[in-house]
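Got a structure for you, written out below as structure tokens; questions coming shortly.
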């Protein structure tokens, strides 16, 4: 319990630090502060998908409902975080590029991540038999994962992007020490939230399993 | 190898006698082409628009026909006998080859009709043809395993495009970009990067499909 | 400009606190259920 | 030989088969009997390796060697009403397709066509009567001379001549391996029940 309350206070401090302690980036001003939330959100979105994919692989190796459940709720969590990352990204885009959406490669990447999650749930809803549903959606989760590395690494190289590179400063966003501190602190904090949700879900699942057993 | 040929022969014979996939593919492609041609009229389209339109037509007509071969095995309950008679990898290769043949035929026809109806200015025809053919292989490669997944689910008609789009989007970004340069008359050396990407995309996607197919192909 | 920043900061803090207490409540409830099921 | 222990299969958490045990030796025929919905077909599908059991074990042994999961299909012929045919191929094309898949000579095709008395028909299977379709299914299952033959309601839709044919197939099969047969026909049960697996004590089709 203690670490959860500490996490709460920790995120509160990071939030304050993001607005007060870290200076605004040159050229972008106070708006640059959104990266302390936008990037961690996107990071958790990708991380959740990765965990979902790994659990799908485990399911195919050993068909255990546990793994299927983990794959599903990670996809759910990932979908929420990805949508939030897209929204925060669009706000940032509106103020720097003038439009909410312009099919920048980075936007396209996160959009595809959202599409995969959406397609994953559509697929699940259209298979009624439990075992088939778990197996086929696991296959899809792994198969669709191919396009993630392709998009994240290859496409931005083929096209010029306006998206600021998060850490290595090449396109306008120079990060100084204070900013980096807050940035990594935020990443850590959001990963903590993810871990918390993860443990809650697992406990909830175990309760429901035992409930059925009784 | 003989098993593979038997599978392809069986699918082709069946297809020639019913002409279900061929008809739906072709009709869909023709309708889409005529609509595009009507809508744009004689207005000269830019190369990027031509490239996008061509691939949109190819994508949706592919989606309307690709799913059939698996769906049919499932509907007619012929899948269990196949499961017993051949290992999943052979089945996958058979279906992949059949889909590729179908897709190549479709691509050639769509390309000819596209040039005929919309009269785009083509800078580098050999490159364009190569891109369309290579792209068809990629389309068939990605949609074969997805078609197998879809054949076991409900609402099959809409599911295949929904599942394929995320997987195919990186491929589309590259191929549309390259097709545009082909319309504009770029040389092969300029397109080498894209061609390499397409080949490696096809290889990766088929390899992963082969690894995963055994899990799809069971009841 | 400065006051805008504080408004956004307040909104962020309040929404985090909302999420935080929601999670905390869920955590407690799950703990209760765990005892009951055992 | 076949050894099944504590076989259980659930669909969506609801058991269709529970704790089924049986044992069949080579040269024996086993009859699976029971009312509709008791899981006969499911049992045969599980044994054939077409579906995965929820729990329990299925062990095939051939000439003293235990068959791995993937190998079972190579020694197995399966006939079931759940199995379909390609409506737009002829009987000959069906057989030569399966002969190709098993890597066998085309002479086997003629042999089998004569055996099931379909050699003179060159029309598409879609136009066949259900009895003729049943004969095509039997022939397809026999293409690779399997040691194990699994027949689910083999005599449905067959005329007198066809029933004699099935009997001949079963007798030939018993000389070479074993036969699993699911049926509700009292005469067939009496005739083939060297081993009888009755699934009726558990009424699974409750809902």
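Order of writing sets the labels: A, B, C and D. Residues in every chain begin at 1.
The rule we apply is simple: a residue touches a chain if its C-beta (ideal position, glycine included) is under 8 Å from a C-beta of that chain, and two chains touch if they have at least 3 such contacts.
A quick note: this is a predicted structure, and the numbers were derived from the prediction, not measured.
> Which chain has its C-alpha centroid farthest away from the centroid of chain A?
Computed centres place D farthest from chain A.
> Which chain is most central here if centres come from C-alpha coordinates alone?
B
> Please report how many Å separate the Cα centroid of chain B from that of chain D, as a whole number.
The separation of the two C-alpha centroids amounts to 38 Å.
> What whole-number Å value describes the gap between the mean CA coordinates of chain A and chain B?
Computed value for the inter-centroid distance: 32 Å.
> Averaging over Cα atoms per chain, report the distance between chain A and chain C in Å.
Here the centre of chain C sits 19 Å away from the centre of chain A.
> Which whole number of Å gives the spacing of the CA centres of chain B and chain C?
48
> Give me the residue numbers in chain D that touch at least two other chains, ranges are fine.
Only 52 qualify.
> What positions in chain B touch 2 or more of the other chains?
Counting only residues that touch two or more other chains, chain B contributes 218-219.
> Give me the residues of chain A that touch two or more other chains.
128
> State the interface residues of chain A toward chain B in the complex, per the touch definition above.
Result: residues 60, 108, 112, 115-116, 118-119, 122-123, 126-128, 132, 135-136, 138-140, 142-144, 146-147, 150-151, 154-155, 158-159 of chain A touch chain B.
> Which residues of chain A touch chain C once you look at their complex with the stated criterion?
Interface residues on chain A, with respect to chain C: 1, 4-5, 8, 11-12, 15-16, 19-20, 30, 37, 193, 196-197, 200, 203-204, 206-207, 210-211, 214.
> Please output the residues of chain B touching chain D within their complex, sorted ascending.
For this pair, the touching residues of chain B are 2-3, 5-7, 9-10, 13-14, 17-18, 76-78, 80-81, 83-87, 218-219.
> For the complex, which residues does chain C have touching chain A?
Checking each residue of chain C against chain A gives 1, 4-6, 8-9, 12-13, 16-17, 20, 23-24, 26-27, 30, 33-34, 37-38.
> Can you tell me which positions in chain D touch chain A when the two form their complex?
For chain D paired with chain A, touching residues are 11-13, 52.
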